[in-house]
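You will see chain A twice below: alongside chain B first, and alongside chain C after that.
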Partner chain A sequence: MIDPILVCPFDKKLLDKLKRRKVVIHTNDLNVLPHILKEVNKSIDLHALKIQTEKPLSTIVFEEKWATLPMVIYSTDFGEFKDLMPQLGKIRKSNVRIFLSPHREHNFTGLRILSSLQISCGINFNGDPLNWSLMNDLMHYAIYGRAPHAPVEPFDWLVSHYHPADYTDYDFVYFNNPAKYLHINEKEQIALTETDLLNGNLIDEGIGSLDNIEENRKYNDSLNFRYEIMLRMNECAFCSAFRICLAKFSSLPNKKDTCKVFFSDFLDAADYYYSIKNSKGKHLWQL
Partner chain B sequence: MAVVIFKAVEKCNSNCIYCEVIKKHQDEIMNYDLLKLIFTRMNGYLETYPNESISFTWHGGEVCLLGPGYFKVALQLQEEYCRETKSRINHLVQSNLTLLTQEMIDVFKKLGIRQIGSSFEPIPNIRGFGTKRDSHVYNRKFMEGAKLLNQNNMNWGVIYVVHRLSLKMPLEIFYYLTNLNTRSHPNFNQVKIYSEDKNNLSVTGEEFADFLGAIFPVWYKNKERYPNIQPFSDYLRNVRDHDLSMVCESSGGCSHKWIYIGPEGETSHCGRTGDYNVLTYGNIKDLTFDEIMHHPLRDHLTERQSVLPETACKNCRFWGICHGGCPLDAYMTSHDFMQPSPRCDTTKIFMERYFEPITGLHADFPPQYVT
Partner chain C sequence: MANILLTEKCVRSCPYCFAKKHMEGSAVSGLSWDNLIYIADFLEISGHRKVSLLGGEPTLHPQFVEFTYYLVERNFHVNVFTSGILSNDKLHESQQFLSGLPREKLSFTCNMNHPDLSTKDESEKIHKFLSVFGNLTTLGFNIYQTVFDFEFLIQTVNQYNLERHIRIGLAHPIPGEVNTYIPAEKVKMMVRKFVSFFDLFDRFKISPGFDCGMPMCVFTDEELGKMLKLNKGNLNFKCGPAIDIGPDMKVWSCFPLSNIHKRSLYEFNSMQEIDSFYRELHNKIRSEIGGLFEECDNCSHRFNDVCRGGCIAHALNRFNNEAPVRQKDIYP
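== the complex of A and B ==
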């Protein structure tokens, strides 16, 4: 039986019904954290807490008591480093990964700073048009950078899960892969991704339907969606990097100068990392 | 190991443009009495040769036209007539996947089949149903079959037949096929057309070599990503590791290895000679496996391996990786088995123009080296 992790809002009624399931709770309100903490200690099997905020990262006041919460913070803006500095100790003690939006150039610098300070972080790589050159720079830093640094997602996740004989979907990092995560709202409407749920693109309704999710046609189609891409025979099906991008940017025009370049480099990096991981190490002769 | 290319059916639900089997218009399906005889014959052979095994390849036509019931009977016959030898019969299947069902897969599993060989073509209307070769419907059915195999944890791989229309897009085809199935990588074969080339699909040896040469640098740089692309992997193993074991047409050792059995029990040297009615050995109703495996006509092929090194292939430094090529190719173009295959152009051009400059390796396997 498939037992997906459910991504849901912080809604006590809903959570009461999800007691025997692992959940990712998402909220836009940092003020509800104390309540979530209380519930976690009582009854929730919490996989992660996803906090989405418009506030710049540097303005979020981290609290010592959050240290036990597995948190993911999505912020639109890195903010001012001088404001973040006093918080670094608390952030490092937290069980947190920080995602920044790709739509502000200085966030790319911010992510390098966070990573170099041993804070797990990542770019919120959600399929919107973005600056591919900056993405590529960040990917190179994350994978090839020799100076010690914390993982930068989705790069670290992809290279550490990549196998040449498989397709690798980095969307796991964003809780957006139906093989592991499904999204549910207060009305018990179920969708494959967060965006689908927001757009009313549902696969089923009612928590009970999760017990037979493997029989759900839309669910199964989503697991096999790559065959559909291959049938469409569009540019993505003929792209060298399909196995790691899985046609996420199929609607982009001019792929040759955008996603294709980035994902081909990313795939090279994944191969590089894979070969390092699987090499038995170089043994130099000794004097 | 003996390799049986077993064509209980030569009919096909597809109308692939380059297929030679469907041109035979053979509508017969092997009857169960004859099927029983095949298993009896295999048992006799395996009892005589206790160290031998048989690779039994269900080939067509399209084998799924036989239906699951046919395979269930085969399984039953094997249980009954090969009781002591069945562990030495290894079943394989070649199918276009478009008629695959769960019931079919269930019986394949009972026969010990864990992978299926297939073919695919991203260029429209080359493989497809009906006179117009409807590749849209064909491809959808193919994908459904592939999905089913994946759900059953069964492997599948494809052969890609390189024809004139492929020449425009070698890398696109390579990427498409490696995206289609990351677990199994394609085998590139040159289209073989010996009759009139009505659709202008044939390619020269040089064109095929250039097709391979367009892909080779990408493959060589990314060998770990695409580990087993043929013929590249074999060429590299040959030259880098001096491991000259090749398969089928390049092995130089096919003479006493293969048997084709057709729907009416007719036998021939291999699947391809069976398609063209060349090197026919008689009917399984009249001959034992042993008699077919040691048929005197096979000696021509053994002799070829000693004649060519003294004649056309003398001093050829690629002998060790080609062995004169496929005897059938030689026969179909010159009516003489004692000639090299015309495909040796491909080997020479590919090795000299692409393989050696890119890898920095040098192939030097003339007949005197190999012997």
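== the complex of A and C ==
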């Protein structure tokens, strides 16, 4: 039986019904954290707490008592390092990953600052048009950087889960992969991704339907979505990096200067990392 | 220890400034965050845990406080070379974020000029700086003429309860440029003056430590013995690559040699590679001219690596007025 982790809002009624399931709670409101903390100690099997905020990261006041919460913070802006300085100790003690938007250039520098200070972080790489050159620089730093640094997602996740003979979907990092995560709202509507849920693109309704999710046609189709892309025979189907991008940028008009360059380099990095990880070193002849 | 130049702007215009040549040729305003992270990574993988922040005046960099704090957070020991002339805002900001750091993580070398060379406003700023950061500060002084005084430095050490050490630098020539420095023929005269302060240093328990480029033979054995005691066994008559890294990621051996074989940091994989590169350059120059004096060519102390024969810039300066007949690598 498939037992997906459910991504849901902080709604007590809904959470009461999800008691025996692992959940990712998402919220836009930092003020509800004390309530979530209380519930976590009582009844919720919390996989992660996803906080989305428009506030710059540097203005978030981290509290010692959050240290036990497995958190992921999505912020639009790194903010000022000076404001972050007094908080670095608390952030490092927290069980947190920090994701920043790719739409502000200085966020890329901010991520390198965080990573080099041993704070796990990532870029919110979710389908929008991007500055591919900055993405490539960040990917190179994350994978090839020789100085010790904290993981930068989705690069670290992808290279550590990559297999050259398989497809690897980095959307796991954003809780957007139906093989592990499903999204549910207060109305118990179920969708494959956060965007699908917001757009009303549902696969089922009612918590009870989760028990037989493996029989759901839409769910099964989503797991094999890549076959459909390949059958479309478009540029993505012939791209060598398809194995790791899974046509997430198929709507981009000029792929050879954008996603193709980046994902080809990313694939090289994944292959490199895989070869290092699996190299068994020099074999001495055996007696 | 690598020296990182945060900015090439300065608040002073010292007559002996040996960074002048480098500053004039620079178009870059200040080090960027991305370059700082690259340099910190580079030093870390090279096994270097100490770093000096220089300028110009490093505190003029808009992110001076953030950069310093960042390096400290990355477990580097940071030493800041400053004039101590900070705006009130910068001093306040520095006090807020840096004054609580322990000396094992952050220190300052405050380079003092004789009060006659500073305006009243500058002197007041320096004293404010020392009031805040005295516990983290060592004084520095550059000798650039044969007449000089240490009394104002000793008084400052006492007044602010500073570390009982003064870092003494010698003003060096900038090959091909005009600056004020002690020429080879006046080094002995300068040393006589310096030796005359030994009793004062001893009475106030202050150690006068040399930076680089001082020859050993200008001191008598008795004077060397006294200096060894004053400096608790540490004496330095060396001259070698210091390794300066500019805001534009250029590297060079040291300021006096900043117009010779300036390279990009990206050409090297580690500090060891950079050090070897410039050490070889030093050796080539030394093979042409041993040191400050003719006797340096055959000096056993030089061969035993006890003394390097003074600053290499003096040697290079002597090549300026001759035909370029030496090894081509030693020319700019």
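Simple rule for what comes next: the second predicted complex is superposed on the first by the 280 of 287 C-alpha atoms of A that agree within 3 Å, B and C clash if a C-alpha of one lies under 4 Å from a C-alpha of the other, contacts with A are read in each partner's own complex, and residues count from 1 in each chain.
The rule we apply is simple: a residue touches a chain if its C-beta (ideal position, glycine included) is under 8 Å from a C-beta of that chain, and two chains touch if they have at least 3 such contacts.
Remember, it's a predicted structure, so these values are computed and weren't measured experimentally.
By the touch criterion stated above, A:Y167 is placed in contact with chain B alone, chain C being left untouched.
By the touch criterion stated above, A:R243 is placed in contact with chain B alone, chain C being left untouched. With both structures placed on the common chain, the touch criterion links A:K13 to neither chain B nor chain C.
One of chain B and chain C touches more residues of chain A, and that partner is B. In the superposition on chain A, A:G145 contacts chain C only, with no contact to chain B.
Of the two partner chains, neither chain B nor chain C is touched by A:K42.
By the document's definition of touching, of the two partners only chain C reaches A:F81; chain B does not. Residues common to the contacts of chain A with chain B and with chain C across the two structures: none. The part of chain A that touches chain B in the complex is made up of residues 164-167, 224, 227, 230-231, 233, 237-240, 242-243, 267, 271, 274-275. Residues 33-34, 37, 40-42, 44-45, 63, 65-66, 69-70, 73-74, 97 of chain C are the ones that touch chain A when the two sit in their complex.
Taken in their complex, chain B has these residues touching chain A: 122, 139-140, 143, 146-147, 150, 172, 175-176, 178-180, 182-183, 218, 222, 224-227. Those residues of chain A that touch chain C in the complex are listed here as 81-82, 85, 88, 109, 112-113, 116-117, 145-149.
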